[in-house]
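Shared between the two complexes below is chain A, which pairs with chain B and chain C, respectively.
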Partner chain A sequence: MTPVTQALLVLLLPLVSAAVIALFLRRQGGIATLVSVSVAAALAAVSLNLILGGERFTASMEWLRFGNFAVSLGFKFDDLAAVMLFVVSFVGFFIHLFSTGYMREDAARGRYFGGLSIFMFAMLGIVFADNLFMMFIFWELVGFSSYLLIGHWHERQSASDAAKKAFIVNRVGDFGFLLGILMCYWVHGTVNLTELGATHDGGGIIYSRLIPLLLFCGAIGKSAMMPLQVWLPDAMEGPTPVSALIHAATMVAAGIYMLCRIEVLMVPDALQVIMWVGTTTALYAALCAIVQRDIKKVLAYSTLSQLGYMVAAFGLGSSSFELNGVAIAAGVGAAMFHLTTHAFFKALLFLGSGSVIHGCQHEQDIFKMGGLKSKMPLTFWTFTIGVAAIIGMPGFAGFFSKDAILLLALQKNPAVFAILALTAVLTAFYMVRMWKLVFFGATRSEHAAHAHESGFSMTLPLIVLAVLSAVGGYSGIFGRIAGSVAYLVPHAEGADHTTILIVSLAVMIVGAGSAWWFYKSDATDTLEAKSRGLFRGLTVLKESFDVLYDYYVAKVQQRFAMLLNFLEQIFLAGLIIRGCAGLVGLMGLGGRALHVGSLHAYVYWFLFGLVLLWAYAAGVF
Partner chain B sequence: MFAAMTPELLQAAAASNQWGAIFPELALGCLALLLLVLEILLPKSAHARIPVVAILGQLVLLAVLLWNFAPTGLERDTFNGLLHHSRDGQFMRAFFLVSSILVCLLGTVALAKQKLPRVEFYHLVLVVTAAMMLLAQSNHFVLLFVALETVTVGFYILVSYFRASPLSLEAGLKYLIMGALSSALLLFGIVLLYGVAGNPALPGHTAEAMNFNALNAFLAANPDNFLAKAGIVLVLAGVAFKIGAFPFQIWIPDVYQGAPTPVTAFLAVASKAAGFAVLLVLTLRAFAPYATLTVPILSVLAAATILFGNIAALTQHNVKRLIGLSGVSHAGFLLIGVVAAVSTPLALGAVYFYLAAYLLATFAVFGVMTHVAGANDAEQELDHYAGLARDNPFLAAVLAVGLGSLAGIPPLAGFMGKLFVFIAAFKAGLYPLLTVAIVGVVISIYYYFGWIKAAFFEAWRAPLQEGEIDDRPARTPVAWPAGVTLGLLALCTVLLGFYQGSFGEWLLTR
Partner chain C sequence: MSQLPFDPLFVSIATPLAVALAIAFGLPKRYSVKLAYVGFAVPALLALHCWYHFPAGAGADYVFATQYSTGLASLGISLKLGLNGIALPLFVLAGLVGLAAGLYAIQSQAERLKHYLMLLLIMQGGLMGVFASVDIFFFYFFHELALIPTFIMVGVWGGRDRNYAAMKLTIYLTLGAMLSLIGLIAIYVKSGANSFDLVTLRHTLVATPLAGGLQKHLFGLLMFGFGILVSLWPFHTWAPLGYGAAPSSAAMLHAGVLKKFGLYGLIQIALPLLPLGASQWTTVLAGLAVFGNILVVGFITMAQRDLKQMVGYSSVMHMGYAFLGIACLSSLGAGGVVLLMVAHGLSVALLFLLTTSIHHRTHTFDLNEMGGLAQKTPVLAAFFVAATLASIGLPGFANFWGELTIFVAAWTYSKVLTACAVGGIIISAVYGLRTAARVFFGTPTEELARVTAAHPPADLRWSEKLPAIILLAALLFIGFWPKSLSTPLNAALHPAWPAPGALPLQTTSGK
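Entry: the complex of A and B
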């Protein structure tokens, strides 16, 4: 098979699976599971072959043509796409596998696995897309599948609300994205990524800044940057494997991937904005994570924070970064590196939390767990590796990628460096808090007391992802997958090296140590008990956005909509539409009355018609 | 006697032998006779096989026709100019054959519910089909009239085939009288044309006035002749009866309702298409010099037909009346294509494409109707479709595809057909007609979707009382030949909407 055929196969297999499940297997959950998982396995195998085969290509075909504007569908498979493809297909497969165990008792398994397949299709479309229009189509499909999967347990009001919220908040970002694409086409005359790379004309001082920022709006929505971060914590209403796949490892990272795709369009001013958005989100989310009780919400805020890191990294490292005197896009390297390692360890942590939740009969409150270390040893050890990776324990994957980002910050902007270092302290703090409360101390609830280790289909993905979280940061692994992208990752030399090492060790030890020392194995939050003011402050901080948006939606937008609805009901629907329909209906009754059924009338009508026709032909009227 | 035949005589006879040119019609006629012979020869228990023979025989014939689709000697006249063979004629031959096969198939389903002789039905369908093929290729008024009458007389019997049903008999009678009336008008028009063309006082007069080519030459030499105009209007009125154009559509609802469902399908598709084949030949060849007369007449007919058909269909509850009136509106859309074809060659292909899409969709819908209908064939109400999607998703899906295509919903074939016709009309500059057509499409969506809604969304019904009988007929289970055919029709409708390929290219490039 040629590489293009392989890529096509990778893209279309999940679509076929989704179609088959949607059409025939909605009620046969078992077969649907088999179809979806085997397709995920097949596409992981083909992708691995594609990535390691070293063949990089572009291919495209025209889809629609309007005058001289053509929409094409095509593949742009370079090293950047290869990294992303690896993350999506590989992590995706293990999450499929995990789901077979996690969702075994779910009545709507067919719909769940169909949703996973359509998600894989959409996500792979983003990975392969060679132009922004195609990317936008799949971008929307990803949003749709995310909606389906968050709302999988739609009978729960909170789940269907969360699905709606995620979809609607994403629309806000996508609106900017679409505007950006249109403006990009207007200014540059093309939306093809390769052709955009060849255009050097920025399109004037306004457009050159506006285009990247509008496109960044798409990433703000999809990667849940501030101020659109509100949907991601709520999205945890979906099944845990979905949270792992979509809301940690792949879809939310699509925003970062998209930024790296359009790196050529970036200008320093835009990068400055992006950097600050990322940095603020990283800090804000880390603060929110400290006061969460729900195991998945902690991880959700942690995801937000890590995504903030990636966005900040992208904003920091423009092409002015020099390595051995050569300017490179270090931001792309650092962001993609952290994206990859984060996909491993965050998927691991989510699946670990899924295993815990499954073991504890769907108990999610960390203050009702405790002492699970001995009950779920495999989950505990793999989870520990995940925690080690995310807090930047030397030798684990997260350590390398976080250091690359900190190095960029140190060299470019001391303020950002300080904030990201503080965020790292907080990361270590809330992760160790959760780790301690879940696995150590006394068992604090009935459910936790009866916890048991999960089955093989759930522990195998944990083990594989734990291995990747441990070794994924070494250039032997990442470099092999990422090819030239790996060269973009900045490496510290000399004095910087020492500074970064000391700082990252210090923040980890301070954060982890203080959490270990501070939190007691107890049914109430120690922070709430000891420092009520601080706890309340953080909670308000977390809720402020939701309160503000709720006020806007309920009070401002809703009233405006009511007004418009009133006008629409009276004038458009009432007078114009009902009026026309009524008129046509009356004429219909008239037409019907013509067919009286009497042959005499018909013959007269026939002759009358002939006379009419003749009169018209003769020019009487 | 054979000794008298010299080689020269035999050679001359062989050279003038043109029977090969109408091989498909002859074969159909023989097949029709064979069915009657089989009915006499075969024991009664084997009579159920006769429809199979009819369908398989026609399939073989269709294969032969398609295999030798462009025979040598196309675009020529045979039988002293009675017939003109063209690629459009070949297309119509295949079209009628496909319709006939589908009607026979529907016949097996519908006749099974009645206690009636079976074999004559297939016999008549085959004879009518052969006559339609000749009609579409006629180049002479005598042949045109004879073929037309063969078709019409066949239909008189077919429409009243369910002779136990008063509605069927009534429909037959109505069709007979209205048909006779229209034939009389047509014949009167022909006589006028013949008379005026044979007038020695006029320039270019001809003794061969029945021949379309000669008539064309005469009309070109005599523009603005009053008698010729009167003749043309009368002939067009006669053809307008066949296609069901306003104001000659009046017979359609009653006859469609009363006729057996397969015959209704035959009337709606093949008979209408035959009318259009004749209309195209007449307007584009015989009456071409009088385009200033035919174009306005047909334009007005088209606009009135579209509006009337769609508006009258809005309030129908009986699906056979509804599809009849929707067929009236389709005749209007096709008339737009005919009008455009006078100035734009593309329109001719568009009309044929539209007909093909219309065939697929209409037979899909009629196939579903045949399965939903009970023994009382005339009573087929929209209510009977309630819960179809739940009880039989396959039939409901076929129905949705068929109706969607008739409504012109993208990406189905019907949409592409309308699109091609509209593009042709746009190129021909028929903007007022286009406006009317678009209004018509909007109205049509209402009743097509009302039907789909009836099949897919449950309306509340009072629960049956103790001892009360459900007045809705039981649905016929779908046997595999009908199931495969309906699936194919729906599939082709979808595929042809996405991709027209070489078929569309063959039709549209000329």
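Entry: the complex of A and C
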């Protein structure tokens, strides 16, 4: 098979799987599972072959044409796409596998696995897309699959609301994204990623800033940056493997991937904005994570925070970073490096939490767990590796990628460096808090007391991802799959190296140590008990956006809609239209008054007419 | 080209009319129903046949063209049939939606089913005729032929407020049709071609265009005349009311197909014949479309509590994109409009069909009295969500391509209006998903629980599923393979109309 055929196969296999499941296997959950998982396995195998085969290519065909305007369906498979393909197909397969265990009891398994297949199709479309129109198409499709899977348990009102919210908030981002694409098309004459790199001429002072910023709106929506971050915590209503796949490892990272794709369009002003949006989100989400009780919500805010890290990295380092006197897109390197390691350890953490939730009969409150270390040893050890990776324990994957970002910040912007370092302290703090409350101390609920280790289909993915989280940061692994992208990752040397090492060790020890020391194994939040003001403050901070948006939707938008509707009913449909009808009716009434059928009336009318006639003849008027 | 031993266009018009005639002459009910299947299936199959056999690279000229004498040759009237790249997509649309509406009507157990089917068949014959006619006289004639049964069906088989709705519908649509008729006759008279044949008219007017001032008046007449028929804001209030009251199959055919007559007339007749006139009206048209149809009606749609009214308003909103595309005066814009017309026709017909199916199970249209229906009827829920997502322009469905192309075209016309129009994708997502969630997800309301306890709802039956599948399959097919329509369309639009931004026909008019 040629590489193009392989790529086509990778893209279309999940679509076929989704179609087969939707048409024939709605009730045959077992067969649907088999179809979906084998497709995921097959495409992981073909993808691995593509990535390690070393062949990089572009290919495209026309999809629609009007005059000079053409949309094409094309593949741009370079090293950047290869990294992303690895993350999506490899992590994707293990999450499929995990789902077979996690969703075994679910009545609507067919729909679930069909949804996973649609997601794989849409996500791979983004990975391969060679132009922005195509990327937008699959961009919206991942949004659809996310909608489908968040709302999997649609009988729950909260799930239905969360699904709707995710789609609409993403559409807000897509509004800017689409405008950016249109602007890019008319200013540069093309949206093909390769051609954009070749013919880029800025397009004037306004467009050169507006285009990247509008395109960034797409990333704000999809990667849940502030101020559109509100949908991601709610998206945890979906089944846990979905949270791992879509809302942690792959789809939410698509925003960062897209930014790296359009790196040639970036200008310093736009990068400044991107950097600050990322940095603010990183800090904000880390603060929110501290007061969460729900194990998945902690991880969701942690994901937001890490995505903020990646976006900040992109903003910090792209276009203008010098390594040995050569300008390289260090932001792309650092962002993609962290994206990859994050995909490993965050998928691991989510699946670990899924294993915990599964073991505790769907208990999600970390204050009702505790002491699971001995009950679920495999989950505990793999989860521990995940925690070590995310807090930046030396030697684990997250350590290397986070240090690359901190290095960029140190060299570019001390303020951002300080904020990101603080975020790292908080990360270590909330992760160790969760880790301690879940796995150590006394068992605090009935469900947790009866917890048991999950089956092989769930623990195998945990083990594989734990291995990757441990070793994924070494250049032997990342360099092998990322090729030239790995060269873009900045490495600290000399004094910087020492500074970064000291800072990252210090933040980890401070964060982790204080959490371990501070939190007691108790049914209430120690922070809430000891420092009520701080706890309340953080809670308000977390809820402020939702309060504001809910107010807008219920009080502004809906009332505006009602007002317009009222005006339409009263004025347009009522007064004007009925008024016209009334006028016609009045004329009819007047006409009828002339013909009353009474002889006297006719005589008077006759006389009146006669007078008029006489007056006219006499020249009165 | 067609290898059929008969003229597919004529047969596709004549079959439903002949079946209607047979029913009118007192065919017994069981034969009527069987024959009605034939009356709806033949046009659909012939339309697909024409699509499949449409010659590659054709589209600029009329294919499958035939001419029948009518005895009115002295007035320049003859029954000339043919399809070009613009007519073909709509002809296929009429065939498919007609089949779906017919199948849905046959199983609907309406009272006086025979007469209901008879009227629908007349409508179907008229619709096939509208898009197959090359002669403007017959183009108009077939429209009226399809329109009159609509009024009767609303008045007799309609739901709530049917009398008021039927009257309002009649007044509005007759007014719109009259304005456009005046415009069409004026073109005939002023052109001096002494022919209603669109091809002859076009040749005459390209050689000797009408004066700019006259063109302005004529285009104004056509724009408002056709505009009323397509629910241009603020002449749209008939639409939600009328569709709310209309029986489902009539609503499917009218909203899905017949309404497209106005847009089709603008693209096929008004724009090429009156390019100078069109250029003077674009500001008004685009302004009404974006601020009226898209934004104002978009917000009004959000405020609806009645499911059927909501679908009606959303349909009015989507027409705003079509008007915006026309106002761009470019082949790109017009191409997008035709794609959107087909897509919207399929999706709105599907929505009206499913709305009625929902009503059969909930016994209400009030969104506040529903909820959680998906637990009882998962297939119905899946179809409805798919139809909603199609109508709000999710890629993978046909509507997306229409909207995208219009947005791209509109950019060169006005960046601000484009931005406002693109904002419509958020508005439509809000009302679309909110509606789907209110009907199907979450927990059932007490009212619904009471209704479903009394009448346990069954999931979508095959007789309902089949027409829905026809429509959904067409939406997905075009969504995944837009070239199947855009290639002939591009051929029809591109040679006549220069690149985006330039005025149509101006370069060839020698002016």
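Here is the rule we go by: the second predicted complex is superposed on the first by the 563 of 621 C-alpha atoms of A that agree within 3 Å, B and C clash if a C-alpha of one lies under 4 Å from a C-alpha of the other, contacts with A are read in each partner's own complex, and residues count from 1 in each chain.
In the analysis below, contacts are C-beta pairs under 8 Å (C-beta built on N, C-alpha and C of every residue); 3 or more make two chains touch, one makes a residue touch a chain.
Just so it is clear, the model here is predicted, and its values are computed rather than measured.
Novice: Look at A:E140 in the shared chain and tell me whether it touches chain B only, chain C only, both, or neither; answer first, second, both or neither.
Specialist: After superposition on chain A, A:E140 lies in contact with chain C alone.
Novice: Please work out whether A:G151 is in contact with chain B alone, chain C alone, both, or neither, and reply first, second, both or neither.
Specialist: second
Novice: Contact-wise, after the overlay, does A:R592 reach chain B, chain C, both or neither (first, second, both, neither)?
Specialist: Touch partner of A:R592: chain B, not chain C.
Novice: I'd like to know which partner A:L178 touches here: chain B for first, chain C for second, both or neither.
Specialist: second
Novice: Tell me which partner touches more residues of chain A in the superposed arrangement, chain B or chain C.
Specialist: When the residues of chain A touched by each partner are counted, C comes out ahead.
Novice: Output check: A:H362 vs chain B and chain C. Expected answer is one of first, second, both, neither. What do you get?
Specialist: Neither chain B nor chain C is touched by A:H362.
Novice: Do any residues of chain A touch both chain B and chain C, and if so, which are they?
Specialist: Correct list for chain A: none, the interfaces share no residue.
Novice: For chain A, which residues are in contact with chain C within the complex?
Specialist: 26, 62-69, 71, 108, 133, 136-138, 140-141, 144, 147, 151, 154-157, 159-161, 163-164, 167-168, 171-172, 174-175, 178-179, 182-183, 185-186, 557-558, 560-562, 564-565, 568, 572-573, 577
Novice: Using the touch definition from the top, list the residues of chain C that touch chain A in their complex.
Specialist: Per the touch definition, chain C meets chain A at residues 168, 234, 237, 241, 296, 299-304, 331-332, 335-336, 372, 374-375, 378, 389, 394-396, 400-401, 404-405, 407-409, 411-412, 418-419, 422-423, 425-426, 429-430, 433-434, 437, 440-443, 482-483, 486-487, 489-490, 493-494, 499-500.
Novice: Inside the complex, what are the residues of chain B that reach chain A?
Specialist: On the chain B side, the touching residues are 173-174, 177-178, 181-182, 185, 229-230, 233-234, 236-237, 241, 246-248, 250-251, 253-254, 293, 296-297, 300-301, 308, 311-316, 321, 443.
Novice: What part of chain A is in contact with chain B in the complex they form?
Specialist: Answer in residue numbers: 584-585, 587-589, 591-592, 594-595, 597, 599, 602-603, 605-606, 608-610, 612-614, 616-618.
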